[in-house]
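Chain lettering (A, B and C) follows the sequence in which the chains are written, and residue indices restart at 1 in each chain.
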Amino acid sequence: MIDDLERAIEAMLFASDEALDARQVANRLGGEMTPGDVRAIIQTIAARHAGSGIELVERGGHWHFQTPADLAHLLRRERDDPRKLSRAAAEVLAIVAYHEPVSRAEIEAIRGVQTSKGTLDVLMEAEWVAPAGRREVPGRPLIYKTTDAFLQHFGLTSRKDLPGVDDLRAAGLLDPVDLAFEEAMGELDLVKDGEEA
Amino acid sequence: MIDDLERAIEAMLFASDEALDARQVANRLGGEMTPGDVRAIIQTIAARHAGSGIELVERGGHWHFQTPADLAHLLRRERDDPRKLSRAAAEVLAIVAYHEPVSRAEIEAIRGVQTSKGTLDVLMEAEWVAPAGRREVPGRPLIYKTTDAFLQHFGLTSRKDLPGVDDLRAAGLLDPVDLAFEEAMGELDLVKDGEEA
Amino acid sequence: MEELPLDFEVAPAAPEREDALQLSLESWEGPLDLLLALARNQKVDLKQISILALVEQYLSFISEARELKLEVAADYLVMAAWLAYLKSALLLPKDPLEDPSPDELALRLQLRLQRLAAMRDAAARLLARDRVGRDVFLRAKPEGLRDVRVRRWDASLYDLLSAYGQVKLRSEPVVHMVSRRPVVTLDAALHHLQRMLGVKLDWAELSDFLPVDYDGPLRRSAIASSFVAALELARQGRVELKQEGAFEPLYLKAAAMGQGA
């Protein structure tokens, strides 16, 4: 059987919108208890909850209920939200990978288009790109490099595994899109034939 | 020593900003427990807190912690009752709760007056009353029911817990006038028959 | 058209009457509410209530209000008229053929009053319960349960390499080459066809007139040009055309000289 005063103090600490100290609790009880008495009862309450899913904790003389830190994972549940990397982000990532360490201005010079700040942020959020210090040139721009997580995600042992430009060309990855299209249609050969005829 | 699962469920119910049902708790635990298992543990937690300054209560299948009513005088501070209901609104709320689902015309038939637009709005804004589809009669009128928030606010475990609902039903006072009238006339006829016999 | 006065006088407020009757009339929600209040004054169970006495009270209440020149809303007057009818019907000797009988009407009224009273009591009991925020309290600032969505970015090595390919391509100097398409002009087709018509004497299919070494798009172009050329020669009366039906092979023959021109 829990004593009425103890119940009252417990309820007060539970319903309060801020942590309370012993004096505040004593005042709310009508001022017949000393803060010392209150403190003793609070200790009893805290002991009763110890080891449960509710804790009564003291912070600078003020008391409040909270849930134990080791259960935080139950209260804050993480869910995956898979997203496809945008074309622009893939380009920036590739430039960083091929040219690292590289500054944002250098990325833009290579891409030939302005790069929005969000694009690099996305790559850093994905943990594929990380800052790698500053380049010792006027303005000391931040430079970026790829990470181990990048290598891991793309199945690369090292950056040296990235195919060279010649390999890309051989794989057709350097062909202009419209040229590749005509090739697929087989018309190029015909032109040659026609000319020969 | 309180078991880990019990601690986890207790922390969840304590930390949640709304009442949780067994299914929600089971989902959050990772789906390895059935709602039935969870319910049993919740009962254990509720029993452990019984008689303390914090109670775990069930409202419409959802559970939440609250302070016991007998301590209201200590906790009630100079706050206005935020949910002061007009007499009309209180009457409409009672009619919806005891007759649900009920159409506006049925509410008006009982009260003998038109329900001003604001009255139902106030109850819906408080989230105590919600539309519950349409009645399949000519005109397909909207029908209304009470919500879990209604049960929670008024401290009702379920709709069966409505004050005096069994007596009212037994007395036929929840039946429509037409039905009650026919029954009353039937009894009258029986009495007459009896007299004639 | 009459203009609305911009600055009209507001009618002076009616002097406050120290009249309980008026105040009461305003505080009721319609005739049924007033009837219930009067019924409760009888201080008996609604099941035992005297409907006749209730009707009397209601009618005298309304007539008093009207004597005091109070405004009585229409629905109160409608109810008064109906109750006056009920009263006379209840007092007159019973007519067994009357349907519904006044007793039945009285019973219905009684049932309605019982139901309204029941709900009014239920509302009072509901409001008297231990209510959240008034009698029982929840945690003021719960931590809350959160579902945090963690974005997982995805891209394949192919995406990466093809993106780089596009970047490299963009940065390379661009050279546009317009490829010459193989076509057979109408002039060439006319020339060729005329020449061939001199050689072939009998009916021959259009495709037989085409150079054998044309294939692919060039052949398609030659067919189109030769067809138009054939039509032109036919128009000039220099060739005869024959076809068995739609999409059947088209046959050509040089027109017999002398008959044509």
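Simple rule for what comes next: a residue touches a chain if its C-beta (ideal position, glycine included) is under 8 Å from a C-beta of that chain, and two chains touch if they have at least 3 such contacts.
Here the structure is a predicted model, which is why all the values come from computation and not from measurement.
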Distance-to-centre winner among chains (Cα means, whole assembly as reference): C
Reference chain B; chain at largest CA-centroid distance: A
Centre distance in Å when chain B and chain C are each reduced to the mean of their C-alpha atoms: 33
Between chain B and chain A, distance of the C-alpha-averaged centres to the nearest whole Å: 43
Chain centre separation (chain A, chain C; CA means) in Å: 41
Multi-chain contact sites of chain B, meaning residues that touch two or more partners: 12, 14-15, 28, 65, 67-68, 75
Touching two or more other chains - residues of chain C: 137-139, 143-145
Residues of chain C that touch chain B when the two form their complex: 29-33, 75, 104, 107-108, 111-112, 114-116, 118-127, 129-139, 142-145
Contacting residues of chain C [partner chain A, same complex]: 137-141, 143-157, 159-171, 179-182, 213-218
Of all residues in chain A, those that touch chain C in their complex: 11, 14-18, 65-67, 75-85, 87, 89-91, 93-95, 97-98, 110-112, 122-123, 125-126, 128, 153-156, 162-163, 165, 168, 171, 173-176, 182, 187-188, 190-191, 193-195, 197
List of chain B residues in touch with chain A within their complex: 1-2, 6-15, 28-29, 45, 48, 51-54, 65, 67-68, 71, 74-75
